[in-house]
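Next come two complexes built around chain A: one with chain B, the other with chain C.
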Partner chain A sequence: MASVEERQFRVEPFPGGTPGNQRLVEEGRLPEYAVVGTRPIRHDGTDKVTGRARYGADIKLSGLLQGYVLRSPHAHARIVSIDTSKAAAVPGVHAVCTNADLPSASHRAGDLGEGVVDWYHLNQNVLANDKVLYTGHAVAAVAADSVHVAEEAAKLIEVEYEVLPPVLDVREARSADAPVLNDDVRTDRQPVGEQGDTPTNVAKHFHYEKGDVDTAFAAAELVVEREFTTETVHQGYIEPHTATALWSPDGKITIWTSTQGSFMIRMQVAELLNVPSSKVKVVPMEIGGGFGGKIAVYLQPVAAVLSRMSGRPVKLNMDRSNVFDATGPTPGSYMKVKIGVDADGMITAGEAELLFEAGAFPGSPINPGCMCVFACYDVPNGRIDGYDICVNKPRSNAYRAPGSTHVALATETIVDEICEAQGICPVEFRLKNAVKEGDERVDGVTYPPVGMWETIKAVELSDHWQSPLEGPHQGRGIASGFWFNFGGNSVVAATVNEDGTVSLIEGSTDIGGTRASISMQLAEILGIAAEDVTPTVVDTDSIGYTDVTGGSRTTHATGLAAIKAAEDIQAQLRQRAAILWDVDAEQVEYDSGATLTGPDGQSIGFQEIAGKLNQTGGPVVGRGSVNADKHGGAFGTHIADVEVDPDTGKVQVIRYTVVQDVGTAIHPSYVEGQMQGGAAQGIGWAINEEYYYGDDGRLHNASFLDYRIPTCYDLPDIETIIVEVPNPGHPFGVRGVGEVPIVPPPAAIANAIYQATGARLRSLPMSPPKVLHELLAADQ
Partner chain B sequence: MPRVHIPAPARDLTGGEVDVEVEASSVRRLIGALDSRFPGFADRVLEEGELKPGLRVAIDGHISPMGVLARLETDSQVHFLAAIGGG
Partner chain C sequence: MAKKRIISTSINGDSVEFLAAPRQTLLEVLREDLDLIGTKEGCSNGNCGACTVILDGRPVDSCLVLAVEVEGSEVETIEGVAPTDGLHVIQDAFLGQAALQCGICTPGFIMSTKALLEENASPTEDEIRFHLAGNLCRCTGYDKIVRAVQQAAEGETN
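Here is the complex of A and B:
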């Protein structure tokens, strides 16, 4: 087989898309599927556009009480006492709870599939006990006849605080004289290291090393070392957190909630409330965005406790300020990164020191940050140190490709500097250094077949890259990024109906169109139309354990389960046809046109045999259960054109193209939507978004008026180029697509700003004041 | 023989060795063999006979869902990694 450099590619419109939707096509290779790669209307579309879809806040139950959570006004304080008696005496109040109403928790690690949680810390985060560690930390909760009564009663709860100095910056928090947030935290050296023995804010220290780093830097032709900072940012999902709980007298707890993983909620609630998981049923409602922020519990166990205390169902909703104050952002960071190259522009060495905010409790995405920082390039010698550091901010949580966006800002900006210094085109540099199959990351893992090189080739061939900029103060930048993706557990059950349709049930909550992508994979195997499959997301009592919708795993892993279910149906239908024809099942073929054929020329279609199930043995239910492990990583390379206002420092993105290796696009519209959505969030992170704290640790911009996510006025129509390097770990070649598109935007925009203005921005967000400061500094 | 990549923080146990070949048919046996050669290795990776919470084993570049029960081939490449949570 020819090397990738010798093969011929072209960029062309992706069939069925808008003019900005394109794909990279390799000469001689064309798609070969009937359903996969088409664009059917999503199964849940009508409910969504008519407003009939039911979200968590829509739940209404007989006797429903409304709850209100009292939150800390201090960023760091010891709780001396809590007196709830006045609140409990308010007419209309049915229950008041504090941490004392939760079962006690111990320092045990809970494995949530993708990540790990310390149950004691989660208990403390749900309702503070000894200390409050950030403004907005939940302290107590009230259930009453109305939310207004609950709120007024909560104001009567008397909490005596001993206010302590907050620490908000990772470098300060790491210092020996910093206030320590958690007396129980020790530095855990990872992976496979030992634990420290003194209280500290540095919860984890990751260390990776490969080759002879110092010698390689000493021999390098050029070494560039720079420092970078990023601010705390929020996922910005439109739907706030919500939970309604009913603790039945028989001990059964039912929770209706907005979540990315109903089984994750079940596990956390069961553990925190010390009940068997089989006693907890979680009903996942439609979800108005999550992006990683709707995996951990906040309200669910509190609503359940209030329900137990009151004997009534209880609903808790957050408002927007609660969401900003108290739910997981992605961390701010400090990074120092160094890259060395030889005279030919080949990377010879890399070194990184990364400090990520954990927030109040350990758990920042520092490890993936470490593993992603040099992931796009073949770096023969590397050393990476990463630190997970507690600060007085909300406990950080996952956000699309957690940690990778931070480090891409550093690496990709330095790469741009190297290209300029050596006079190399940034596309050529990346083509020369891009990782390929068999290359080893600094953490030691070797890549399977990946499409990093192909994404850069697509950039080179794109109309965007080949078109000149058209005005003053404009610049163009590119940047690449990586995300691992994930596999995990998924279950699908599919019932053949008598009219030849299939009802599919799954446990993966649908955030990005996965009802369609799962149904299409089942339909492809069975040879039926995607519209003939009816998918339903069901509760935790109705399907087998399914991991979170996150990690870009669902179309891959739940898709694999759907394929298995379809193959199970095929096998059962062959047996039914064999009964009809009085032959052995092994003599029956199931062809791609959904027709079964027998040894003597017999033939019957899917719809016809579906009508004969009862007379041949009863209903046919196919089932698929997987724990997928060959998910394949994803790479993306973005092109950003910006125009910078020299008088105000405002950065306007005027053209933007996302190029991404998706393996195989099951439903291209949803793949393009993920690419565009991820890029839009990355653009917001790049130029606008930041948590703004006062010195007292209070968040000053806890609303969408002051925390500015991009609107349609801030974004051009984002163009997409789908690259399809099939993942050998999936029959159709699927890779996850949802996360990597958020990774390159800040670096691509920083590089574009530099080309437009000559100012290098190494601090996010690149907001007008910061850009203007750099422009004025450059003038002076 | 399967080849194990020793994470940097554990190289104090291996005298700096980075890649080690170990005769083993499963991850559990591999950890046992490593502990025989490099005493203390098992304590770093196991808790009550299972991989410590948050620790994963990757075989040939793919994180195995089977942990210590995962089977190894003669040419398997094994890595011990911290869990990675996505969004």
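Here is the complex of A and C:
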């Protein structure tokens, strides 16, 4: 094959999209599929546009009680006593519980797929024991005839607190004289595996090193070192957390909830309530957004305990302020990053010190942050230190490419500075330094075939990049980003119906159209229409263990399971045709037109043989079970045009293009939707989203009015260019889509603001007061 | 707690009587008492628009309306949008343009869109974005929602 630089590319509209939906096409290479790459109506669509889809809060059960959770008004306090007697005496109250009603937990690690938890800490997070560690930390819960009775009763619970000083900033929290949140936390040094011996807020320290960093920096033509800060932000899903539980007298616990992973909820509930996982059935309701924030349990075990105490099913719903106060978020950070280049603009060395907020308990995405900071470029010499640091904020959770957005702000704005200093076009710099197959990351991982270079090429060829800016105070920036993606465990079972359709069941909850993308892969293999597959997401008793819908894994891994199920169906149908024709199954072919052919010219279509299954041995059920480990990493490069109001510092994004290597787009509309939605979240993170705390540690903006996520009036059209560098680890080349698009926006916008104003922003959010401050400083 | 009152109203064209305590919102009564769960709760304070219904021709956040206030009014919810023989042109457009991902905000967007197109049959993109700014979506970035509204407007004027 020709080297990548010699290959010919063009950008053209992606069939079936609007003019803003494009793709990068390589001359002479266009994949040919019947179903993959088309845009069928999603299978669950009608239920969702008619209001019939049932989300977490929509479950109704006879005898259902409603609950209310009492939460801490303090950011950091010792619980001296809790008296629930007045609440329990309120007419209509059926149960009141505290941490004392949970089985005691021990220090052991549990893997939730997008992060590791310590069961002892998760127990404390679900209901505080001897300390509260953030405002909104759950302290007690009430179940009553109505939510209003429960709320009024909860306010009668008397909690005596000994208020302690909070610590909110990572740099303060790691100092020796900072208040320590958790007496049991010791610094865990990785990858060496050493443990500290004194209580500390620094839960983890990751260290990676490659090459000779100090010599490389000393020899570099140009070295740029900068400091960055970002604030705590929330995933901002529109559906609040909710859980309904029934603890039956036979010992079985059923949980109805909206979650990214029903099996993860099963595992956590079983562990925290000390029951076998087989005693817990999780029924996944439709989920109203998650983005990483709906994996860990909050309400589920509490609802189960209230059900056990009351003998009735119990529903717990959070309101929006609870969601902001006590769930999510993703960490605020402090970062110091240094990059050196030679005279030709080739990166020779990189160094990073990254401090991420863990929140109340250890578990920030600091390790992925370390692995992503230099992931887009071939960095021959590198040193990375990352710290996971407890502060008095909610326990942090995954949020779309967790950790990568933070570090991209640092690396990508430094790259922009280097380009300016050396007089190199940012596109050319990235084409020269982009990682390719065989390059080794600083943390030691060697890349398989990846599409970083191709995303830059698509930027270069795009109408957006080639169009001039049109007004004063406007600027354009680009930035790249990386996410690993994930494989993991998935199971699919598919039953052939007598009318020639297939009923598919899966354990992956569908947040953004994966029923369609899974069904399409099965349909492609079988040669039938996507509409002839009926997908259903089922409960944990009805399908095999399936990992979370997260890590951009579902279309890749559950898709692989669907492909295996389809191949299983093909094999079984060949046997059935062999019976009909009295030949050997090896002599029967299954062609892509969904027709089985025999050695003597026999032929039967999928629909016809589907009607003959009962006469040839009974129903056919295809089975696919995978533990996928060949997920391809994915890169994106974004172009942002901004206009900055010089009087107010307000930044308006006026044109935006998302370029991303997706491997292969199964359903391009939902691929574009992921790219657009991720970019919108990144734009919100860049420009105005932040947790705003008082010095007392109270969150001051726990509402959608004050924690303002972008509205449609804030955003421009978001153009997309899909790049398809196939992942060799998947038959159709799927990499995964969901996470990368949130990574580049803050850096791309910071670079655009610089071009528009001459001010370098190194602190998120780039809100009007901060931008105005930088504009005034730049003027002086 | 104050006593419940009998409220007489029209919901999706049907005459409905229900009991409501003065503290209950229209959203709570729709979801908890009338089993109209298609109207969604995202914030309970009028910030997100997931609970949008059409009250006497105007889009409102049903979490900001007390149930007792709808005496004698006409309420339209997502359950009343589709005709008996298929989907409304707006619903078809949302499906065709893939204008939903998780779908929790979709009923609210469809109700706001319906109110917009009843008032202005061919809105500009700026008018669409302005009118829908009270409905939050965290999944889509709004691009495909705007396309769906444009498609619905074209469908309605044809």
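The rule we apply is simple: the second predicted complex is superposed on the first by the 777 of 780 C-alpha atoms of A that agree within 3 Å, B and C clash if a C-alpha of one lies under 4 Å from a C-alpha of the other, contacts with A are read in each partner's own complex, and residues count from 1 in each chain.
In this section, contacts are C-beta pairs under 8 Å (C-beta built on N, C-alpha and C of every residue); 3 or more make two chains touch, one makes a residue touch a chain.
Everything numeric in this text was worked out from a predicted model, so none of it was measured.
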{"item": "Touching partner for A:P166 - first (chain B), second (chain C), both, neither", "value": "neither"}
{"item": "Partner chain(s) touched by A:I511 [first = chain B, second = chain C, both, neither]", "value": "second"}
{"item": "Touching partner for A:G382 - first (chain B), second (chain C), both, neither", "value": "neither"}
{"item": "Contacts of A:R52 with chain B and chain C, given as first, second, both or neither", "value": "second"}
{"item": "First (chain B), second (chain C), both or neither touched by A:F291", "value": "both"}
{"item": "Touched partner set for A:G598, first chain B, second chain C, both or neither", "value": "neither"}
{"item": "First (chain B), second (chain C), both or neither touched by A:G451", "value": "neither"}
{"item": "Partner chain(s) touched by A:G697 [first = chain B, second = chain C, both, neither]", "value": "neither"}
{"item": "Interface residues of chain A shared between complexes with chain B and chain C", "value": "235, 290-291"}
{"item": "List of chain B residues in touch with chain A within their complex", "value": "5-10, 18, 41, 44-45, 52-55, 58, 60-66, 77, 79-87"}
{"item": "Of chain A, residues touching chain C in the complex", "value": "18, 20, 39, 41-42, 44-46, 48-55, 57-58, 60, 148, 235-240, 286-291, 317, 319-320, 511-513, 667, 669-670, 672-674, 676-681, 703-705, 709-715, 717-718"}
{"item": "In the complex with chain B, residue positions of chain A that touch it", "value": "109-112, 114-116, 189-194, 206-210, 235, 290-293, 295, 365, 367-368, 371, 398-402, 443-448, 483-489, 550-553, 627-631, 729, 736, 738-739"}
{"item": "Chain C - residues contacting chain A, complex", "value": "1, 23, 31, 35-45, 47-48, 50, 77-79, 81-82, 87, 91, 94-98, 100-107, 110, 128-130, 132-147"}
